[in-house]
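Read through the structures below before going on.
What follows is a pair of complexes built around chain A, which joins chain B in one and chain C in the other.
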Partner chain A sequence: MPKCTINGQEVEVKEGATIMEAFYKLNEGIAHYCYHPGLSVAGVCRLCIVDIEGNPRPQIACNTAVTEGMKVSNQGEKLKDGVKWVLDFHLINHPLDCPVCDQAGECGLQDQYMQYGKYSSEMAEPKVKKHKVVDLGPTIVLDSERCILCARCVRFTDEVSKTNELGLFNRGDRTEIGTFDGKPLDNNYSLNTVDICPVGALTSKDFRFRQRVWYLKDSESICTGCSTGCNVKVYYNKEGAFRVKPVYNEKVNGHWMCDVGRDVYKFVNREHRLLKGRVKQKGQATWTDMDAGALAKDAHKAIKAAGDKLAIVLTGQYSTHEYQLLLKNLPTKNVYHWKNQPEEWEKFDGLLYRGDKNPNTKGVEAAMNSNGIKSNWNDLLTAIKSGSVQTVLVAGPENMAVYNDMNEKIQELGAAQNVIWASACKSEDFDKLNTNAWLLPMKSYLEKEGSFINHQGLEQKFKKATTIVSEALTLGEASYLLSGQNIPVMKVAPIDTFIEADRRPDQVTLEHRKKNEFVYKRGSL
Partner chain B sequence: MSVVPNSPDKSKWYLISILGGLFITFKHLITNLFNKNKMMTLNYPEEKYEYSPRFKGNHVLTVKKDGSIRCTACMLCATNCPADCIKILAAEHNDPTVEKYPIAYEIDVLRCVFCGFCEEACPVDAIRMGPEWQTPGLNGSKFIYDINHLAYRPQLKGGVVSVVDEQERHKSGI
Partner chain C sequence: MSEVKYLTEFYHLNEFQGLEGYKKNGGYVQLQRAFKMKPAEIIEEVKKSGLRGRGGAGFATGVKWGFLPKNDEPRYLLCNADEGEPGTFKDRMMMERAPHQLIEGMIISAYAINCKKSYIYVRGEYDYPINCLVKAIKEAYSAGLLGKNILGSGFDHEMDIYAGAGAYIVGEETGMISSLEGLKGQPKLKPPFPAIQGYLRKPTIVNNVETLAAVKYIIRDGAQGYRKYGTEKSAGSKLFSLSGNIVKPGNYEVPLGYSLKDMIYGLGGGMKPGRKLKAVIPGGSSAPVLTAEEAERAALDYESLAGMGTMLGSGAIIVIDDSQCMVDMLGVLTHFYSHESCGQCTPCREGTGWLNKIVHSILEGRGRLQDIDLLLKVADNMKGRTICALAEAAALPVLSFVSKFRDEFEFFVREGRSKVKGTSYAQMHH
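Right after this comes the complex of A and B.
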């Protein structure tokens, strides 16, 4: 375990660790592009130069191993001048695209430039022009002018996804990132290259130009795409969620996450959500809108009337706490676990992505076991047919896209006399319910606190990020109301009460106008 | 409050002051009748005063030489706007040299405080504040200026050409 001194602070690192790792360990700032803790060392950007005592010239921190008693500094004037010049070389051919570049605001170049920049280039030659807006694959667009050739993305496809699509082509200042033989960059981990790109060379097609990053706030959460439970950061603003990025967690996902998980934020947004409670009687063709709280109280009648003939269907998409509350408030042994494609649950792609598309399957099982419930789906179907189950309460899936048996299950459960379906999202399929039905709007995982138990049995807490549908209930709140208890429920006044008579169809509604921090906090400043 | 009462002697002579005032009125009336050019006022709705082009009035979105919108939808004006009255929706342009452009650009002019920060923030001379200052309208919705109004309203006669040209910038190696 060698000890070294970084800018006067002593630190002990493990055998063979680099100076960069010592900097990371101390949380000491050091300029760098090509070094990424999850990838191998390339040492191409030359920006992480440090002075080592007794060494006549500066060395790069990312590729120099720490030796016992090494004294390292990146503070000297001479060294800062060196970093400034390296940065100037990086910027020789970098275009002034910041206004149209999606990376602006979270760009490594911008950050380093503000810290070390020269502010006036000494380059008189025109910039080398390269390819712009290159379609690399279904998820990614490349701008090779902006690329600073750190090769993080190339190393990622070589080492992590092991798909080897990307490579560096040509030489000198004409070097470009590209794919071999025009083969598209198409793998389930491709968007990680966008995250690790320190500049705006690789941009995600999904997020491209949709928001400037400084309009977005972030909140740490858990990915609900599959049972791996990757730690993520969700970026959102008033208009909803916009993107998901991985957060480092050694035990779960390391530095990465899959592309499928990055799409999971989509169903959370308002356009896919059930905004109001909806109710209909058997034989009625249309739904009647109702406030969520009032609807839950209304549905309580059906549950009370059913008595013992109540069955609860659970899906693995709610938090552990919610299952417990539900089973506590509505004590019944008729609890069934709705499994979507259980034959695929054991599938695993070797990196992160699992076949079980529920974040909390283990949580459902734990909640059922702790209440001593053992059940079989077919028992429920026979019970519905024989009439020994009158009312079915379904804690339906949040992310319906991964439930390809939605339609079938709606038919099966719709045979019961009363169906109370808790759902975060709306779906055309609900119209096929030809029975007394209540659709209860639920909060999504971004709008509540709780915890998921992932495939390893690791319980991970997630926190509330934002509110998208303020009227929606959590399953816990709903269980109180459904069991006849009273809790305060938020009632929301209809928005946009004042709508101009001649508003153009393309005009932005008041609700969707961008609100900056100043407007958010009006009245509390 | 202290009240200083006029002495009764002084207030006897009020008629002189009134006549003095009337004299000035009639002097102006007569000079204006015979010397219309030197009149200080305008017949407002028919005659309008043109402010200097440097006056910071209503916003103008400039256009490129081919007449398309100069704005690159970088959102710096919207970010800088203290009144939060600018709303831009960006989209991808088919032309890779343009890349990003606004499909909607709206200014809620009733919220606008005419501070000119949008003009200062703009990196490509896409938004300017023009000399126009009279903008009456009949109801609220008319005061949200959309992209067509901002760039191509009749007063602009086909659009104001921006001084920043992409092609020239590319040629000069930026």
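Right after this comes the complex of A and C.
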């Protein structure tokens, strides 16, 4: 465990660690583009130069191993001037199109230019012209002029996705990133290249031109796309959620997430959601709208009438806490687990994406086990047929797109006399329910807090990010109303107060935050 | 002291190209002698001989070999015959006139470092030298000089040729390794150095053609015998490629430490009638230029030239007389480097292009006086900041041209025409 001194502060690092890692450990500022902790070292941006005592020339921090007693500094005036020049080399051919660039506001070049830049460029020559709006594949667009050729994306496709679609073409200042003929950038991890692109060269077709990033807030959450449970950051504003980016978690997803997971946020937005409760009697063709609370109380009558003949159907898309509350408030042994394509649950692509498209399958199983419930789906069907189940409460899937048996299940469960279906999203399939039916609007995973248990059995908490459909209920709240109780007044957790002393250097000041709370956190590089 | 015939002793004989003629003139005798020595003894002998890399960097060959890990891991020997430095054409002659000399040197070197497979990386434009080498290697295989159990010594060695695709940067050893691996010819980040992890991530030694050919003579004459020529720190003889505005351009073998003045006025036959020496680039286009006054007191060895702020490099002496416009010449050089930068490291990729644009702005009459200082600033901030030495190679000529011939640059900016030729850039070239 060698010790070294970085700008006068002593730090102990792992054997073989680089100076860059020591800087990271101390949270000391160092300019860099091509270095990324999840990729191999390229050492091409040459920004992370540092002075090492006893070394005549500055060395790059990302490829120099720490040795015992090494004294490193990046504060020397001469070195700072060198960094300014290297940064200027990055900028001489970079277009000044920040006002129309999607990356503006979370751009590594902008951030580092403000911190380390020369401010007055001496470049008076025409800039190099390169290709604009290059269609790299179904998800990504490239602007070669903005590219600073850090090659992070090339290394990502070489080392992480191992699909090798990207390459560096041409030489000198004509170098461009590109794909090979007939082999577009099309893999399930392609959008990670957009995240690691420090500039606006690679942009996501899904997100580009939809929002300026300074109008977005972000909140950490868990991806509900599959049972891996990648840690993510959701970007949203009052118009809804706009994108999802991965957050580093060594135990779960590392630095990455898959493209499928990035699309999951879409069902959360209002246009897909069930905004009001709906109810209809058997034989009626149309639904009657009803407030969620009133609808739950109305549905309670059906539950009360059913007595023992109540069955509950659970899907793995709710939080662990919600399952427990539901089973506590509606104590019954008739609880069934609705599994979508269980034959695919063991599938795994080797990196992150799993066949089980539910974030909390383990949570359902745990809740059922702790209540001593063992059940078989076919028993439910026979019970409905024989009339021993009169009312079915379905905690339906939030993300219906991954449930390809929706239609079939609506048919099967619709055979019961009363069906109470909790659902976050609307669907035309519900019109096929030809029985007494209640559709209860549910909050999505961004609108509540709780925890998911992922495929490893790791329980991960997630916070409430925002409210999109204010009237919707969580499954826990609904369970109180459905069992005839009132929702207890929750003890309000103290609001996450902003403490000036805890402010990270890259966060804005308290006064600034009061003025515009959108500008709270800048995206990490 | 005049020209010596050490490596080039039999180069005038056409038969020296073929195996038979080569053997008649003492070929492959040293190989048999080397097989009787222990590999470690050969490395020690090469170390003692003071042989330094002839490709440009001048790193001690024996020391380089000593960096190889001491185990049985497979390793590679790579002969750098990419000879891309503008002004250099000595390796080409060696491969054309004496391919077997190189092959013998390579087998001895391979035996010394216990390497079973070697490659000769020749630049793709060298069509004729490639043909000569292919023929020679075939002859060597059929004579049992390559392949299994060479000359009954129990040593196996395979040799192959690889033709480059025309990039200057693959003359850099890690760039060459990348290219040989089938990748884009880009230098690799060091450490790890090639002697630890090179071709296919195995230990690799990369040596210049002339270096490998000289190994045979170290075996023949011993370390002390090899030191007959040259100076204490720059031992042996070296081939110099003399070109430019001179009466007798060509390759000349002289002992290191030879006077540059003698080279130009003696062997080179002096300046063309009515012309005066203005400047000399002593070690290939990337070496800083010397003024006439400096050139006349320069000695051709690693230390003296380094002392004058330039370098011996690959031994390409480009002579410039007073009819040449230095701004125009720098325009050629900056264009070359901006064209040949691999585009990996930012300071080099952007800097070489920027330098080229500034020099051409001056040439085309758009120059500003501050551009001259800007050239110095840009060049100064490029050098030493990149993975390989190309940025330095591009920056050093700019720094030396501008600082030593500043009056020509200022004249060009002020008048929009060359001080020497009196005409504008367009008139000079059309």
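The working rule: the second predicted complex is superposed on the first by the 486 of 525 C-alpha atoms of A that agree within 3 Å, B and C clash if a C-alpha of one lies under 4 Å from a C-alpha of the other, contacts with A are read in each partner's own complex, and residues count from 1 in each chain.
The working rule: contacts are C-beta pairs under 8 Å (C-beta built on N, C-alpha and C of every residue); 3 or more make two chains touch, one makes a residue touch a chain.
Quantities reported herein were computed from a predicted structural model and do not represent experimental measurements.
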item	value
Which of chain B and chain C A:L381 touches, first, second, both or neither	neither
Chain B versus chain C as contact partner of A:P99, first or second or both or neither	first
Contacts of A:V133 with chain B and chain C, given as first, second, both or neither	first
Which superposed partner A:C45 touches (first chain B, second chain C, both, neither)	second
First (chain B), second (chain C), both or neither touched by A:E125	both
First (chain B), second (chain C), both or neither touched by A:W214	first
Chain B/chain C common contact set on chain A	125-126
Touching residues on chain A, where the partner in the complex is chain C	41-47, 49, 57-58, 63, 82, 85-86, 89-90, 92-93, 122-126, 128, 148-149, 151, 167-168, 170-175
Sites on chain C touched by chain A in the complex	167, 169, 184, 189, 191, 338-347, 349-354, 357-358, 361, 368, 370-371, 374, 377, 381-382, 384-387
Contacting residues of chain B [partner chain A, same complex]	72-76, 78-79, 82, 84, 87, 89-92, 96-97, 99-100, 104, 106, 108, 123-124, 139-141, 144, 146, 170, 172-174
Chain A residues touching chain B - in the complex, by the definition given at the top	95-96, 98-100, 104, 125-127, 129, 132-133, 208-210, 212, 214-215, 500, 502-504, 506-508, 513-516, 518-519
